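Just so it is clear, A, B, C, D, E, F, G and H label the chains in written order, and each chain counts residues from 1 on its own.
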Amino acid sequence: MGAPVAIVMGSQSDWPTMTKAAAVLEELGVQYDARIVSAHRTPDRLHSFGKGAADEGFKVIIAGAGGAAHLPGMIAALTHLPVLGVPVQSKALSGMDSLLSIVQMPAGVPTGTLAIGDAGATNAGIFAASILALEDEALAERLKAFRQAQTDKVAEKPVDNP
Amino acid sequence: MGAPVAIVMGSQSDWPTMTKAAAVLEELGVQYDARIVSAHRTPDRLHSFGKGAADEGFKVIIAGAGGAAHLPGMIAALTHLPVLGVPVQSKALSGMDSLLSIVQMPAGVPTGTLAIGDAGATNAGIFAASILALEDEALAERLKAFRQAQTDKVAEKPVDNP
Amino acid sequence: MGAPVAIVMGSQSDWPTMTKAAAVLEELGVQYDARIVSAHRTPDRLHSFGKGAADEGFKVIIAGAGGAAHLPGMIAALTHLPVLGVPVQSKALSGMDSLLSIVQMPAGVPTGTLAIGDAGATNAGIFAASILALEDEALAERLKAFRQAQTDKVAEKPVDNP
Amino acid sequence: MGAPVAIVMGSQSDWPTMTKAAAVLEELGVQYDARIVSAHRTPDRLHSFGKGAADEGFKVIIAGAGGAAHLPGMIAALTHLPVLGVPVQSKALSGMDSLLSIVQMPAGVPTGTLAIGDAGATNAGIFAASILALEDEALAERLKAFRQAQTDKVAEKPVDNP
Amino acid sequence: MGAPVAIVMGSQSDWPTMTKAAAVLEELGVQYDARIVSAHRTPDRLHSFGKGAADEGFKVIIAGAGGAAHLPGMIAALTHLPVLGVPVQSKALSGMDSLLSIVQMPAGVPTGTLAIGDAGATNAGIFAASILALEDEALAERLKAFRQAQTDKVAEKPVDNP
Amino acid sequence: MGAPVAIVMGSQSDWPTMTKAAAVLEELGVQYDARIVSAHRTPDRLHSFGKGAADEGFKVIIAGAGGAAHLPGMIAALTHLPVLGVPVQSKALSGMDSLLSIVQMPAGVPTGTLAIGDAGATNAGIFAASILALEDEALAERLKAFRQAQTDKVAEKPVDNP
Amino acid sequence: MGAPVAIVMGSQSDWPTMTKAAAVLEELGVQYDARIVSAHRTPDRLHSFGKGAADEGFKVIIAGAGGAAHLPGMIAALTHLPVLGVPVQSKALSGMDSLLSIVQMPAGVPTGTLAIGDAGATNAGIFAASILALEDEALAERLKAFRQAQTDKVAEKPVDNP
Amino acid sequence: MGAPVAIVMGSQSDWPTMTKAAAVLEELGVQYDARIVSAHRTPDRLHSFGKGAADEGFKVIIAGAGGAAHLPGMIAALTHLPVLGVPVQSKALSGMDSLLSIVQMPAGVPTGTLAIGDAGATNAGIFAASILALEDEALAERLKAFRQAQTDKVAEKPVDNP
């Protein structure tokens, strides 16, 4: 069976951000398939990807895009699977355009939106894992261990030259 | 032959805004076809509308939407016709989300964006007419007359109870 | 067994918004438990709710709050379950403060954020259902039917007096 | 006969942005005439340019400016030709001032506004071509080929070192 | 000789705001001439007004406009007289568009910008008077008295039902 | 007895900012204890720190965080001590998210918020000292001397190469 | 001896907001003195108030103002006492101008800023009490009881018609 | 007699911006006096400067400040002379805080505000000259020549390597 998570992005230039989602999924032992699907330059690919995502075996879709970021919302329009949106930081408006384009969806077609940029991509990976962990006890344990390790790594006191 | 201008909108609730585009086109003697095409609720209708717009005989498309307003940009992705975007004023963010979702398109797929709300809808109609007038001398004359009348209506002095 | 979805909100005053999440869950046949958990006025309740949410049997948590909206992020800090955040529209800043307070989480602790206000609450309900539907075929069918009905209700043409 | 597209800008410093419009017009085989017309420093030049643009043979005008960007709107006030506005990215406010100054035109005098910065300039060129292509079959074919090539260039998968 | 202050505005609809400038000038005994000069609908009137303002005997120009507010800056481009700009509160963006369109002028052509809306209009009147008072001792005394009266009217303590 | 001021921050990465609070407290002769308390990664530490802060002998708490900055408000929810919030400058949104997340607290649970970034951290230290100085005459004198020295250091005239 | 808290505001029109600070101080049994001190219309009153505040016996100053809100920062410049700033909601910009004008103080002169509007005024009162409670055991007990009562009042479940 | 223009700024760090005002005044042959007057660190200097400005012989005051920029408005509160405000670009918020703190003055006490940063400083100098030129024919001629030279310097066409 195929990977349960699709990581799609509007352009090769989004990969340095979206690779953070891939990295955390690898760390959590979750398989993913990373693809470029441009809402604007490859609308047919978008249409067939969105329509076929469930049949491909995907359970969660992570979609990242910047500026007038239509990818997450358009995929959400084409599938009933949960779609997570990552606003990629844009040049002029620092991702505020990306954020609003992704999060302000009308009632009926949701995207679950994460933070702008790298943190959002990492968190999209963790969020996808938290969904899959609902029916995967081993993943749930790995996720809890990941979260605990993260907690344990927080030092008690700040230092001047870390 | 069909109407040269399509006025499409994401929802019935956008019509009070988009009717302003219709009104000015009527005033200028330009035929239009008004339709609801929801990028999010009717993605198939969007796909077929965008792909078929040129074959339907449309020359200019006016698309209005609010919030995470994906309609203008997605139509622009599906046709090489000029697409004019009207950011409908949204409830929470007053149309700033609509504006950024429409105007901040990536290089390669343009939308010509007008002002937020009624003024933008009116202007989309005028802009569409200005495009069609390039090859329609009679329309060009009507457009010039419309503009001249608009100029002539500006009073010299403000009055307290207009 | 208990309801799979918790709808928590910072205050009674958030209920007119969050009731939209409840309504759509009812429509989709998903049980929920609605509670007031104020991050600021009842921090102990927050702490015990977050820590115990998984043991209570919840699978997805929908949290709504306005202004300096800390509830979704703090619950996300206390559980590994997926947490959906709804930015309630605030008085002075129209929910922009709520949105940024919820969505801009640091890497490691995600919230899946929906739109500001009613649309976001409705969509949180749909998103929660889309998660649960991954392992509930009957719910998946109801969700698809809900989405299809939503599509079918979109008229072809706008009308002046709907 | 002269070039069908005028590219005007408020200052020499806008050229690194506006040259993107020129480049794509060249790629599409559309002739253009690039000029500096400062609304603020050369208002007479603005006035005569706007009034004479149609008589010069221009069909579409692309105008770029930054900050309190009055050039596109003022040209639109002086001609009935379609005017495309490009908000040049400004130093302090990253082009948000340019965008609002260009797009928020009152009912009656439209500018079709593109994205802030380079992407907007490129798209202004494409949009101008899409207008001219309405009555120029060969250009329409070149435009479709350009769009298709753009689609074809989108890789299926992201790579780490592109 | 004519009035030393011109109050110009883009539209009759700006008069409820700009009348505040007129009122305070009347209170200070400064003559003014109020006119509608639309940058976008009457660009010729704008051009001749700006070019002829000094010859008409005006010493200070107060210009109010909303949205893509080009009037103050374009008048400033056409005259060396001091031009005061009043950002009229706009519908969708509450005057933030008006403010940025007026204040963010490029080096070389200044507008002195006042607050958004009524307060800004009142203050434009006071500012104009402060300029004229530099060479009009009687006006300077009236201005000082006006300011003193304003100070004297500030109660020591707030009251519940003023 | 312990230090009267706690400086807490969400992450080691906030220390370059928060060290400015430490520096000014040292200059004013006020003892402090600097700790990392992550609202999101160490919610238990947060809970016990907030609940125990008064018993530890702290009188004022300075809390710095960035992005969805929940630390100051959550500590304020857990203690009746005065809590000062420092919005750390964030990457994408320059601290506007941090500021709104900290300052927009609901009625009932206050944070006293300082400026974004270094200036805010310095000022949090001064503000904490001004609170403690209410009952510490010697500190009050040191604070007045600090303020006087700051005043004395302001040169009369700017110089080109300071 | 006089009241320990001064509530000052720029105008009578700020009282409906600032009365919330007064109300909570009364509830907590803290005396206050409410005054109008306009930074702009009564700069001498401002100067003497700020300079004399400590000698009048005030320990904490709550200052509310809207728009270009200079009152809190200017009082902070004139006294070493802790100054709490309340951004009053303004008409055009909803208090975003008030907030930035109050909170963005330069290093050296702090204001502790609360939320925009009524919530901020209430919280300024609570914050002032939390400062005074550091050396007033009875007030500390009243403050804790106030906070506990606030916690106790939070219902477990939302109701449709509260 | 003394210089007719005062250039005041809140800090030595504002001089690189405000020197642009000085430069253009020198170019126009207008004398000025540049001083540091910190509203927050030297409130007494501010008070005596503002009150004495007219008696010192100043006719126009240019005041630049950043962040919570209170200097222009507070000087305007202390004198009936025209005060021009220059919002210095701030670190976190790029001068948006400076702009709103300066421009949003309440009715009764105006500041004439220029653009953020260098352009605003240059324009403050030109605006000051335009005021003084009302009663100084020679200066009016120099100002017109300056403006004409500025116009003449605008090239007809952009070049790739200027």
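To be clear about the criterion, a residue touches a chain if its C-beta (ideal position, glycine included) is under 8 Å from a C-beta of that chain, and two chains touch if they have at least 3 such contacts.
Here the structure is a predicted model, which means the values were calculated and not measured.
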{"item": "Partner chains shared by chain A and chain E (touch criterion as defined above)", "value": "B, D"}
{"item": "Cα-centroid distance, chain B relative to chain D, in whole angstrom", "value": "18"}
{"item": "Centre-of-Cα separation between chain D and chain C, whole angstrom", "value": "43"}
{"item": "Separation of mean Cα positions, chain F and chain B [Å, integer]", "value": "51"}
{"item": "Where chain E and chain G are represented by their mean Cα positions, the distance between them in whole Å", "value": "35"}
{"item": "Where chain G touches two or more other chains, by residue", "value": "11, 41, 67-68, 92-94, 96, 103-106, 108-109, 115-116, 119, 150"}
{"item": "Complete list of chain pairs which touch one another", "value": "A-B, A-C, A-D, A-F, B-C, B-D, B-E, C-F, C-G, D-E, D-H, E-G, E-H, F-G, F-H, G-H"}
{"item": "Touch list for chain B against partner chain D, complex", "value": "20, 59, 80-82, 84, 99, 103-116, 118-119, 122-124, 126-127, 130-131, 133-135, 140, 143-144, 147, 150"}
{"item": "Of all residues in chain E, those that touch chain G in their complex", "value": "89, 94-96, 115-117, 119, 150-151, 153-160, 162"}
{"item": "Of chain C, residues touching chain F in the complex", "value": "10-11, 39-41, 43, 47, 50, 66-68, 70, 73-74, 76-78, 90, 92-93, 96-97, 100-106, 108-109"}
{"item": "In the complex with chain D, residue positions of chain A that touch it", "value": "9, 11-12, 14-15, 18-19, 34-36, 38, 41-42, 45, 67-68, 91-94"}
